[in-house]
Amino acid sequence: MSKVIGRRLLLTIPLLFFVSLIVFALAQLVPGDPAVTIAGEQATAARIEEIREKLGINDSTLVQYGRLVGGLVQGDLGTSLYSEQKVTDALFTALPITLSLAGLALLFVIVVGIPFGLLAGTRPGSLLDRILTAVAALGVAAPGYWVGILLIIVFGLGLGWFPTGLYVPFGESPTRWLYHLILPAFALSLAGIVEVTRQLRSSMRDAMTADYVRTARAKGLRQRTVVLKHALKNAAVPLVTVLGLQVNVLLGGAIALELVFGFSGVGALAVRAVQNRDIPVIQGIVLLSVVVVSLSNLLVDLAYGWLNPKVRAQ
Amino acid sequence: MTALENREPAAGSAADTLLRVDDLHVSFKGRGRARKVRAVNGVSFELGRSETVGLVGESGSGKSTVGRAIMRLIPADSGRVQLDGRELLSLGRSELRAARKDVQMVFQDPYSSMNPAMVVADVIGEPLDVQAGMGRSERNTRVAELLEAVGLSQRHIERYPYEFSGGQRQRIAIARALANHPKVVILDEAVSALDVSTQNQIINLLEDLQAETGVSMLFIAHDLAVVRHIARRTVVIYLGQVMEVGPSERIFEHPAHPYAEALLSAVPVPNPEIQRRRERVVLRGEPPDPTNLPLGCPFVTRCRYAMDVCADTMPELTPVDGGGLVACHLQTAGPNLAGRSLDALGVEAEPIVPPTR
Amino acid sequence: MADRADVAVPTGPEVWRRHAQDHRVEQSLDESSAPLSARARFLRRFLQQRPAIGALTFLVLIVLAALFAPLLAPYDPDQNDIRNLLSGPSGDHWLGTDHLGRDTLSRMLYGARVSLLAAVQAVSIALVLGVVPGLLAGFFGRWVDVVIMRATETIMTFPPLLLAIAIVAVRGPGLFNAMLAVGVVFAPRFARLVRGLVLGVREETFIEASRSIGTPAHRILRRHVLPNILSPLVVQISLALGFAMLAEAALSFLGLGVRPPEASWGALLQVAYNNINRNSFQAIPPGVAIMLCVLAFNLLGDGIRDSLGKEIRRGT
Amino acid sequence: MSEPPLLEVTDLDVDFATDHGWERVVNHVSFTVDRGETLGLVGESGSGKSVTCMALTALIPMPPGRVAGGSVRLEGRELIGMPAAELEQVRGAEVANIFQEPMTSLNPAFTVGEQIAEMVRRHKGLSRRAARGRAVEMLDRVGIPNASRRAEEYPHQFSGGMRQRVMIAMAVSCEPKLLIADEPTTALDVTIQAQVLDLLRDMQAELGMSVVFITHDLGVVAHSCDHVVVLYGGRVMEEAPIDELYFRPAHPYTEGLLTAMPQIGPRAGRLASIPGSTPVPSSLPAGCVFNPRCPYVVERCREGEIPLVEVGPGHRSRCVRVSELNLVGTS
């Protein structure tokens, strides 16, 4: 097991190198002069030069890249061009909000998507299967933030059951944390629930017609054992892939939902940074998300090893 | 000095040699950290004009690899393949393309060997387009002729492969192989996927076509009964090496190699009385790991006559009474059979456990 | 039995041999119908897919509506009506008006142009950037494959929307930049798909059979590889169009896509969201339009896939 | 015939749903299996032999399949329509199966030891530990070297022949009364096939099981079976004790199959074959389903349902000309 982790981590090194290059290129590719952007069109030439010096834009490309990597190694992501706040500080304030939202949504995806997928996959063609399939088709087509808006209209403005914004930290009150997160997390999870249901449905259908399931039935095992042990463990391989991809999708989806619900998470930070062309913040967010996604990929790989002995052997 | 030289011509070779395979070696890189898999390990044999030679072996014997290496669909490590005296393995790209006219192949799976998006006229016509550069009407005339020759109607010329049964598709594949009048057709398990009666129809067809066109055939198969019927001479291979080669009649009646003996004995006879009477040689164990073969004879781990010498020295191919060659120490270093078949041994030898390494 | 023959009927192997000889060329084939080309078979199966037909009809109508928006729209999409700010549906304004009193129906019709065009743009960019590397990786293998696949893996490590945002951050907001970003995000997915398809086809015996005939590589690519990967690719294009619409809407909703006053469905949603406390209805039409369009692209893709012959359905 | 047969199948009908409605793939099939006997079920691909056997313990997927009629009695108990929970107790414990593809028939995600042990636990109520022990013992009995170590390995670590041994170990681990072996050696090399056939025979003798052996290979039938049922187009064409079938066949189809069997013996000119190909269930001919391919066809063969008639002790044939034809068997 530790071997798998070790090899995975080794593989991350070239990946991080690539990512740092891309992140660096982001800053280099910005058209125009960032110093002018920050100082404003009317600033004096001296003021602009001062900012250029501060940003280090006057140095050679290689030196700039070296500084970026050097900063990264020390955990320093630079300073926001706009608020003068350290990027790491901004990220650490915003991250718990986004992680809460995405984490709760992932939980919904798992506890709702998997049972739905199992039900639909083991009874292909049944009424339940057809209803779930139809709902899934709609669910995958509806943008999450729009669903969020509809939820606000119905449950917030209309019925008044749930708050329509404001994040409450978990440390402050776990129940209010949950209460405020339910609507956005549900809206965020919808696409994932649908994806998991669809994937599990089709892989369970395949597994249920596989020869080894016939063998399991021929052995006289209980239907429950056949489905939940023999079929599910094999159907879980593509399921894990989809769940891994969900981390990626949820992080992306969180951006718009944070805006809709007025959470100041990483997504909101990103949108503001883009509007201000605050490149260091963008760089920081991109790096952070790559780390999160790489971690989830590692978990996925470990899960593969457990589910598929053939992978483990290699 | 190669394996084929220094030997009486009557032994294992054809009268009028068309295709000569000499000391062919092919290996694959094993997956992951596994070592090199030596799939074909010094195979030599000859195929005469208008002759059919059977190449038999079980899975993993390298029989299909031999066929593909001759076709140069996979690269050979070393060895020679001569067609009409012309070396095929060293041909350059354009020469090879031209030479492929002369050697054609029919594959095992009649379903995946044809592009599903093409009609029969294009499937059979492709070699004509590529090699002969025929005009469309001329090409279609030839395709119709070929269809007729393999027992299909020329009305089927605009049909898609999906409309045909397995046996019919195999007829189309044969027509494609014969389109440019090749000298040799390699049939790689060409009838294995078919029901018995369809199988027989195809074999009869192949015999008719050979009689008409004089084409030579290398018939690669695992089914001994089929090879017995179609091939005048047979090559038996095991783990990439030739165990025995010779006239089919002699090999099938009096096998000289313990492996050939066991192989024949394992085939169930469709006759309950004979089945009850006959003494079968049931081989113990399974073939050894192809990445880690014994130094000597590859069959030593399962052979009931195995001797100490077998474990570390590969026996030479030696002539046998009744024609052919056999690679077995029983013929050379062991109790001297003086080139006779195994039945002459008479004694029931106890299997010995070969030294492991 | 009454008709029992006095003379013994000849039986045994000879009878069978003669019988087989007599029926040698009698190869049965269902000739009741004319042979269908791959395309005709596809069409026949496709016409049986009711959801896909419905989806296609819907999409054709939307495209027509977008094309003829100037004729169909009751108002100028940018014309303000100060007497009707944020009004609900009425006889004058079927879908109501926004905070500047602009007619929502008219803006929806013009928005359809933007949304559809943007989706097509993004997918075209993704195809150009993705298909060629995918073909190269699949066909040449070895180091070409390794380099291209590593690059796609890296790009795919970024959450798609975030990567798009980063690209917009660099190039500045605007519809074309947004769609370029979506295209870049999609390109690796196409590259991987095409590579997988090429690898799948390359393994087929018919490729080996064609090589053994002496067919040159370019002809194999043209006659055997391309026709067999095209159909699964079309399926993915249909699905990608749906995703691109979603991505455009999201970026415009975040204010990173289309610039005001131009309308796209995502931008309409943004305006509706900003005024949600005063008029919730405005959030419904653009959302429904996006959902139905994406649904239609998905159903169409599924329908195309299910209409492909089993033999070329691999990889989808 | 003092004792009732172990298995009695009567007029079994099995349908499959297609685009054109229900299609009958098994039509009024009847046979019996005595205790300790091996019954061969022979036919070409598409003859309905596998479906017949899978329908016995409801292993065909339903839908699209359904048992449309008939009865299957195991020691007098009716299996058709038996409640699912009760049927699960029969499967594996009383009727066990081996399938053609040992590669796909074992679950790739569990060790072979676990796959045997879970079955023993289910039917014999053994503890986890005892079941493990039993699994190792069974692997050893079917000739797998280093059984205790190999029990911890996964199916992909075994060769084809070894996997089929694992399947056999699993099937006989609860000492069933009936073993259904569906083409168990078709995917194997001849030398491995010989080992597996011998193993099956040994296990049968040791446990006193009855075996239903499904195969298309008349050589394997001659080696393994006591009694044979020949299926074609979902119908029983002939049923006979083994020697009767080979030496005095009573149906042209059987004669054709025997004639077409390629033999190792001296070459005898052209191979005989049955022209044409096996019919599909949707387009079966009227009258005798074999009539379009039969060299002895007369007008009577093309109309009506042909009855299965007794032609000797335990020997029945579905041919209207059976009394006129002196069919030739194996020489």
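The letters A, B, C and D name the chains in turn, as written, and every chain counts its residues from 1.
One rule holds for everything that comes next: a contact is a pair of C-beta atoms (placed from the backbone, for glycine too) under 8 Å apart; a residue touches a chain by one contact, two chains touch by 3 or more.
Treat the numbers as computed from the prediction; the structure is a model and nothing was measured.
Touching chain B and chain C together: D.
The most distant chain from chain A, with centres taken as the mean of CA atoms, is B.
Comparing chain pairs C-D and A-D, the larger number of C-beta contacts belongs to A-D. Chain centroids computed from C-alpha atoms place C closest to the centre of all protein C-alpha atoms shown. One finds 47 Å separating the Cα centroids of chain C and chain D.
Between chain A and chain B, the centres computed from C-alpha atoms are 56 Å apart.
The mean-CA centres of chain A and chain D are about 53 angstrom from one another, to the nearest whole unit.
Between chain B and chain D the centroid-to-centroid distance comes to 32 Å (mean Cα coordinates, whole Å).
Shared interface positions of chain D, defined as residues touching 2 or more other chains, are 256, 260, 270, 272-275, 277. For chain C, residues that reach two or more other chains under the stated contact definition are 20, 24.
All chain pairs in contact, by the document's touch criterion: A-C, A-D, B-C, B-D, C-D.
By the touch criterion given at the top, residues 44-45, 159-162, 189-195, 197-198, 216-223, 242-243, 246-247, 256-258, 260-264, 266-267, 270-275, 277-278, 330 of chain D touch chain B in their complex. Chain A contributes residues 14-15, 18-19, 22, 26, 29-31, 137-138, 140-143, 145-146, 149-150, 152-153, 157-158, 248-249, 251-253, 255-256, 259-260, 270-271, 273-275, 277, 279, 282, 285-286, 289-290, 293-294, 297 to its touches with chain C in the complex. Taken together, the chain D residues at the contact with chain A in this complex read 54, 57, 59, 61, 63, 84-85, 88-93, 96-97, 99, 101, 104-110, 118-119, 122-123, 154, 156-157, 167, 170. Note for the complex: chain C touches chain D at residues 1, 4-5, 8-9, 11-13, 15-20, 22-24, 26, 28. Residues 150-151, 153-154, 157-163, 165-166, 168-173, 242, 246, 249-250, 253-256, 269, 272-273, 276-277, 280, 283, 287, 290-295, 298-299 of chain C touch chain A in their complex.
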